[in-house]
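Dropping a structure here in structure tokens format, bear with me for questions.
Letters A, B and C mark the chains as written, and numbering starts fresh at 1 in each.
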Amino acid sequence: MEALKISPGFEKVMPQEYLELVEDGPYGRGLGVKDLGTFKELIEVHPLCAGCALGLSIRLILASLPNPENTVIVGTTGCNAILMPQVAIHNIHCLFGNQSAVATGLKRALRLRYPNTHKDVVVMAGDGGVVDIGLAPTMHSWFRREQFTTIMLDNEGYSNTGGQESGMTRQGVVVNMAPLGKKFPKVPLHEVAKVAGCAYVATATPARARRLGQMVRRAILVAREIGPAYVQIFCPCSTNYKFPPAESLKRAKETEITEYMVPEAKEWIERIEKGPKAEEVSNEA
Amino acid sequence: MPERRVVSPEYMLFDAPREKKYLIGNEAVAEAAKRANVDMAIVYPITPQSEATHIIGDMYAQGYIRDYYRGEDEFNVMSAVAGAAMGGVRVFTATSGPGTLRAFEMFPVWAGHRLPIVCAFMTRGVNSPLSIQPDNIEIGWLADTGMLIFHAEDPQDFFDMTLQAYIIAEQPEVHLPVGVCVDGFFVTHTREIVELTPEDEMLPPYDPSVSPVVAMDMETVPVRHMKDPFVMKSNYISYNTHASWQQEVRAAAERARKHIYKYMGGPIEVTHPDAEIMFMTSGTAAAQARVAMERMRAEGIDVGLVKIKVIRPFPEKEIAELAEVPGIIIVPEHNITGWLAREIRSRVNNNSKIYSGPRVFGGMTMPPEVIVKETKKLLQAGVAV
Amino acid sequence: MSTLIGLPKNGYRVVPGPEAYLSPSAAIMGVVLPEEGQGLIEGEIVPQEVAMEEIANRLLSARNPMLFPGPLVLWAWSDKAVAKAKALQDMVAEVPGMRIIPMPDYRPKYPMINPEVEINPNHPNLTIWHNNIDVCMFVGVHCHFANLALKIVRAGTDCYTIALCGERGHEDAMITLRDVHAEEVRKITETIKRVKMGRVSCQKEE
């Protein structure tokens, strides 16, 4: 937290956005989705399409980080990547698909350098990046029980490259590269995650904002203490699925919200959440 | 593990006592990683590299290396060491031939991210057909990734160059990845006398605060830094930024030159610089060419040798100057493409005197008599001198 | 063997532009970084004090001198950073008309950047204040990004660039000093004060 101070005297020249981040940002304050609108968020503007459910999900994720001042986000190619330069915490743009490998190295490095502080590493990537091109490192990070969180922003296709079929596209849907309709079902990665070693698995929607926030927060806290965590967020894409932007949230509701925890994770979460003040989770390892 | 003490790079390279050991190349490079105070090694099996990273695994078990694991494939290993380097620790990895190609997308990323990763390339043939045997075709491909590239001749070079690689890679104005290459089997599996520095002395730890880019730790410095920021908007200045970025990576390699002189004694080693006939070569071909040179000099033929230790940044001025003297320059190589001859040809004034060969590959050895014979054939044909 | 002192043999000089559609890196053109106790003026190695003197002259002669502090001094992430930030502000106070525009990060900012408020290495030539800044000084900018910006500025503007580096210096600046920490900044401030006094006394004599 000491590091988050502007050198005395330079406050008068720092851009307003930074002054607000330091004075009224979420760093070290244990804020959450319920506090949105009362503090300076980690993202001010973004260049995503109108009605983008992914943009909204990222806003909710950023508001749910338990310790944003000690969080690094690892992402990959996709719509979210063009938003990431605007996010006010450190983040890495990887090659397409290697984000979980990069996150593995990063998390282990930070653990070596800061043995007494939890440095949360959060992979945030699209469905193509996670389930297709990045499946091997994603699953291997779970097999190895790497202690970071993987969040899939599932918009059921490659939106940034022009709307192609991904493993998460539903069967029968006609999109680019599936001219006769997709020939196999949506990959049940949340089920795979459970058998692959994740200690926490959830499917969420930005249409249920507080629940999403709770899941992201739980995932990160479980990843710290117990094992890998996976959160899959349904983010309908109005641009490539060609529906009115105003319908995004209505469509986003049409998904099942699920939550799975191994017993140790459940015990850990209960212990934290039943504490005197749930928001005060120590950042000390 | 003995109690270890930190020593300066200069002391370790120039003043530390050396103990003679009888080691294969794979043992020598692991001994270097131990003395380099490596924080983390991430590895994947491939012949002929694996033995080195087994030994490094044992060093992890003994406590010399702080973290270590076997990754899922070379691409993801190279990605994971990048993540670790971005997190501010010193890393080591190694691979060979097909592994190099599997991982290739990451090498320009290392350079573009300005990550001082040291990777040993124990070169071997690439498919198809399958070969696990020595062949250094991959060095030619690696040369344009933005990495610094060293080419070791023997286990001693492999030990020294790996230590030198860390020291040069981490200079703040250089801060680039280094590939330390050797010809597989010929070096990795050949036992020779290697002079090692003491086992209980190690380099100072890596300091991420002097990096030319931000460490991804939210502390040095905090708040908003993207690694690396998108500069791909469709406009002139985005293209210009990307171009300038690439130039800066090459500029950083250029800045390595003075450190190469300081810590490696220069990018080349020259024997008989005024000779009429000059062998210019690298790696184990230099060892074979040295034997050929000695045999021919014994017969009264005026032959010299330039051993090129550093492929990137290429010693262009040194090579251009040396190339003025001889009547013919012969470039023996362990690959089919003749990448070293191509490098030399493009840097000298009169390049018609450069003879690219003899070249062997796919595991074939290069007996000195082949070099002698081909050289004599050229002389008889009146090609030069 | 290339010599490590003096100007590059090819005669390349690091001078204000606009230089080229795509400027070369000064390092590739043969400009080498200074050793300890040295600085660079337009690609030539000089003693540190000479470079400081030239910095003072350039700043005091400028119409619109500008400091571009980067994240390494904007943030109080270490005691050294805080001390250097203080020393820089004291320096700015000694240069008539000198202003500060920060470079808080290195991202391309959407939807646009306001060059009155902040500078960004990804499009510095758009942000040299519509080319009204005639002398600028980079401090506390991570070396990689400083070099990018310095080169783009040289390519597209006639701004005179000065880079004070905490590490090894910047060939792509017209004047650079290495190993600059709070103490060295204070030395520059003293030089500025002295040069200013000299100028005042010259005027009096006239």
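We take it that contacts are C-beta pairs under 8 Å (C-beta built on N, C-alpha and C of every residue); 3 or more make two chains touch, one makes a residue touch a chain.
Since we're looking at a predicted model, the values are computed, not measured.
Peer 1: More contacting C-beta pairs: A-B or A-C?
Peer 2: Most contacts of the two pairs: A-B.
Peer 1: With chain centres set to the mean of the C-alpha atoms, which chain is at the far end from subunit B?
Peer 2: Centroid comparison gives A as the farthest chain from subunit B.
Peer 1: Would you kindly tell me how far, in whole Å, the mean C-alpha position of subunit C lies from that of subunit B?
Peer 2: The mean C-alpha positions of subunit B and subunit C differ by 35 Å.
Peer 1: Would you mind pulling out the distance in Å between where the CA atoms of subunit A average out and where those of subunit B do?
Peer 2: Each chain's C-alpha centroid was found; their separation is 39 Å.
Peer 1: Among the residues of subunit A, pick out those that touch two or more other chains and give their numbers.
Peer 2: In subunit A, 3-4, 18, 85 touch at least two other chains.
Peer 1: What positions in subunit B touch 2 or more of the other chains?
Peer 2: Where subunit B meets two or more other chains at a single residue, that happens at 214, 219-226, 229-230.
Peer 1: For subunit C, what residues touch not just one other chain but two or more?
Peer 2: Those would be 74-75, 77, 104, 107-108.
Peer 1: Going by the contact rule at the top, pick out the subunit C residues touching subunit B in the complex.
Peer 2: Contacts found on subunit C: 1-2, 4, 22, 24-28, 32-33, 71-72, 74-75, 77-78, 104-108, 121-123, 125-126, 142-145, 147-148, 151-152, 155, 167-169, 171-172.
Peer 1: Within their complex, state which residues of subunit A touch subunit B.
Peer 2: On the subunit A side, the touching residues are 3-4, 18, 21, 69-72, 74, 81-82, 84-85, 87-95, 98, 101-114, 119, 136-137, 140, 144.
Peer 1: In the complex of these two chains, what residues of subunit B are touching subunit C?
Peer 2: Spelled out, the residues of subunit B in touch with subunit C are 114, 171-173, 175, 209-214, 219-226, 229-231, 233, 237-238, 240-241, 243-245, 247-248, 250-252, 254-255, 257-258, 317-318, 321.
Peer 1: Enumerate the contact residues on subunit B facing subunit A in the complex.
Peer 2: Residues 39-40, 42, 66-67, 69, 71-73, 75-77, 79-89, 91, 105-106, 109, 214, 216-230 of subunit B touch subunit A in their complex.
Peer 1: Quick check: in the complex, which residue numbers of subunit C touch subunit A?
Peer 2: 69, 73-77, 81-82, 85-86, 89, 100-102, 104, 107-111, 117-118
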